[in-house]
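Residue numbering begins at 1 within each chain, and the chains themselves are lettered A, B, C and D in the order written.
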């Protein structure tokens, strides 16, 4: 089956490679001609412009857009939609906000163009491991594209089967899901990332408490010097909390027990924020997912204005003078 | 009535002064002889040692200990208890952990010495405004000491009376409460401070959002340059959220709109921590009081180890490189 | 000065009454003819339809819309804008989302109609206490309407003046603020309500811990039966945490110590949610304001699906069977 | 090697069985004679009293106590310590609070008895999967007991090895760790459970948002009916968030999509609470681990007193009447 790919960054490029490994043909475009040439050397059909790209696709065309969410994705989709025809399909595989999918899907449908949103997880490991895909769109369109998704998915591999799933949609065990109509794919991917934030923060806090178990503010017989790398590793083996994120933590701590090379300024992508917005729209109390997001916000500031307000109040009612340097935690008396 | 005071810092000294203003006689001790001399000049009976102090008190003696909570309070109480007699009273007016009160009260009772714990609020303003007092101890002892508490309390003043309180304990409207047996005073004061943390943080976050309403990450027509000092002041007048803490905030912002002289490292005292511990012992979900405490913890660090763990995981699964400098928030796409 | 009011509910009706008390003339409309008749009896000019209402206003017209935020406000504004003329003013005094103000202000400006948004605090007490107002709009329009705002504002009263405010905008001390361009009024009011949620939750958690201080799960010598009504009252007097919200709490507890007549299902209005959304857009960590919102979400459910997921996991890894009835907290071992 | 086991519940019984499978000899005691008889039938040496139990152990004796943490563990250890001799070892494998270990370890050491604390994870699956063990105690004692731990540990199995661990303690990859001196085992296990709470809550909130994605309060084109069982399963395959907890969730949802048979009252054990206490003692902001604990607290109440306080305040300032029934979330306007 033929697929066109716009955007040959780490994700887009590897998706094309994995498709070709599975015998699919690809047409590729990127504003960076070198990226196009690189994939052409691997067997893809290169193209020099978006118009050229569209002209090289067989009808009904399938164009996968794999660009940073937002303005560039929006304008690219508008451009190719302008030259696409009835029955063609645009796939947005980026980190698009699901409500943008809904809006776009409606607008394109009026022009006979199908829209499919694919939330893709797997990161730098996807070329070999495959991509977990969460897909939104019309049933017959998603079904028609199945060979593409099947090739990109990780497959059942040696992951133990879950009991009680006999007779259910077999695509799930291959690692991809048609979650619902347009937008559902990115919606489910958004929640995936929201959960990811929460899981990461749970581990992070736990290791922070382990790390600080030897501070001087504690009574001498209540202090421990703990080997965090060993603890991360042992928890991978027979405990209740093994996970891929713990695997990564164990690797990182084995390599660098103090993690000194990490600045601690932690970025967030849109999904964590949108997850909280969705929780609020649904009136779901999402304390943990929200706290995980806020930790990242806080990590990127030297100080918040809120903290200065606190200091100002304390000076006001108690004459307290805050220290000018970060210091040992004030011990429990 | 006669009261002995050990510890002539800001709080202890002003309590003695306020008592003398109301015609009570005082005996004072501090390890700093100058502090003793200062109050002696104001009319107190000074003493040179703890033994001297005890010897100058009339029986049944009343000794108010106003020292930093913890070791020094503990040893001082043990010392004077060793020379006090049946029927004498020790008042701990410091920021003592209420479970220490319970333990001490029991031990002293076996020796016939009464123990009273007084949680005292009012800070630097108490000399003139009076002190809000939360008292724990045996009824007849607290009743006997009433002239002391009545003198220290702020009195009814011009604070509007609450409807429906006719016939209730008249001490409450004077600003002091016999909350219960030994420990109850510090328990109630602990919760007072826990609430204080939550209130402060609520205002602080609100002003932080106002402050950041003009950041570049926002769409141009969704940015506001707001005058925080004016907003704090206007909220004092007819809104739902006036409070003394807001008064202090308004004063601080009028004086220094950016609060640039505040470091933002915010200390915490034991009460905020103990409040959370109490919530946990009671299985009460105290999200806000706990979050307020954690904000202070976080404010005193350059970065947490938790944040480095997050960065390490992100590098592991996505090849993400975190920035080395704090920066503008990554905007919503 | 003349003002037209659409929407004669508790808020709109009392605003009209307060304006008339201050000598202003009013034209009023409500879909409920009785409400119109009631205010007409008090001296307002009644109107039978929106067209009638507009026709009775002198040019440049000033129409204050005081309706539930959302659809009804939107359609009403569209209707009157259709018959208003260059230079006329529409005031939205409801709980409108500030981004709707921005959108409307732009659309109306193209037609020469001015838009002013007024966040109004004061609730049922405003008729006599006055309303704290947060105003967004063009300077010359807000200035022209000053007599209206001055009449509605609480005035300086006997609230102590804040030091260091000499020479600043005198309107602030009267209880109203021109916060910025269109939308700024509702933005500031939104944050006011966000803070309100946080403050309320801080008190609420504190009283919850006090209330549960006598549960059986606690050691016998660590239990207290506390009088919450007395504690609320004593904190009003000389402590660090007096506020109007505490006044209300003290009144409520004096009247009903167990608060048994309250269901505990707590509603939220849009402002609390929008505050969190704003915090997220600005990347401000607003833990306390968010936790306060989530508590309300949770209060309205019998159980969350999240809790069932927890139970299902616990059954899965440990064979734990959750109880079918709510029960005493499992005590600390 | 010989091991004595006191407490033949699910955990203790299976530990004995696993040891015997690996060729170790065991002496067992339980107050329930049937439990003793059952294991005796499997090859263990039964005993009728604690004295009998001790008498059947070869010197230096090793007695593993596997009882509910708290009073019963304490008294049992005191009893057997009274008849044990210099060089004997007591292992506490239960969910003991690590500070109790420290206290006991000191007291026993004075009498020449060694104390080892073992935090054990693996639950009902441990007999076959093995137990992840976190061990605290003196080096030579833990080393001497190694055959026991090696038999109980899961072993390296087919879990992929972590890079960069060459030359490190080989026990870690077998699934057990000598974490440090007495108390360190339970300390690390405590944090393990604290993290577990956070991970569980992160998944739970995510599924809650997915579940409520179709509520009527949402705009019609922003609603999705999602298949949670399929989503849980697909995330096991190539996403960022696979884990054993997700495996369990997938199984539970496949079996019961609505989880209707779960009450939603979620218990907590001591470890989650102690984790938060430890965070506070170290001044580590542990927002997520704490929020996860508080969710469980809240789940066990019909309503909190805090919520009633909120309702009472709302009635006071706005005349709001809360509904008497739980209802649909009030939608965003």
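Convention: a residue touches a chain if its C-beta (ideal position, glycine included) is under 8 Å from a C-beta of that chain, and two chains touch if they have at least 3 such contacts.
Composition by chain, UniProt nomenclature: A, B, C, D = Decarboxylating 6-phosphogluconate dehydrogenase.
Values in this document were obtained by computation on a predicted structure and should not be read as measured data.
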Turning chain B onto chain C by a C-alpha fit takes a rotation, in degrees to the nearest 5, of 180
Max Cα-centre separation from chain A goes to chain B
In whole angstrom, the CA-centroid distance of chain A from chain D equals 30
Averaging C-alpha coordinates per chain, one finds the centres of chain A and chain B separated by a number of Å equal to 45
Check: chain C positions touching at least 2 other chains come out as 123, 201, 203, 205, 208, 212, 240, 244-245, 251, 268, 273, 280, 283-287, 291, 294-295, 297-298, 300, 304, 306, 317, 329-330, 332
In the complex, the residues of chain C that touch chain B are 99, 102, 106, 121-123, 126, 129-132, 134, 153-154, 156-157, 159-160, 162-165, 168-169, 172-177, 179-181, 183-184, 187-188, 191-199, 201-203, 205-206, 208-210, 212-213, 215, 217-218, 221-222, 224-227, 229-231, 233-247, 250-251, 254-255, 275, 278-289, 291-292, 294-295, 329-330, 332
Chain D contacts chain C in the complex at 10, 68-70, 95, 97, 123-125, 200-201, 203-205, 207-208, 211-212, 244-245, 248-249, 251-253, 256, 259, 262-270, 273, 287, 291, 295-320, 322-327, 329-330, 332-333
The residues of chain B that touch chain D in their complex are 240, 268, 273, 276-277, 280, 283-287, 290-291, 293-295, 297-298, 300, 304, 306, 317
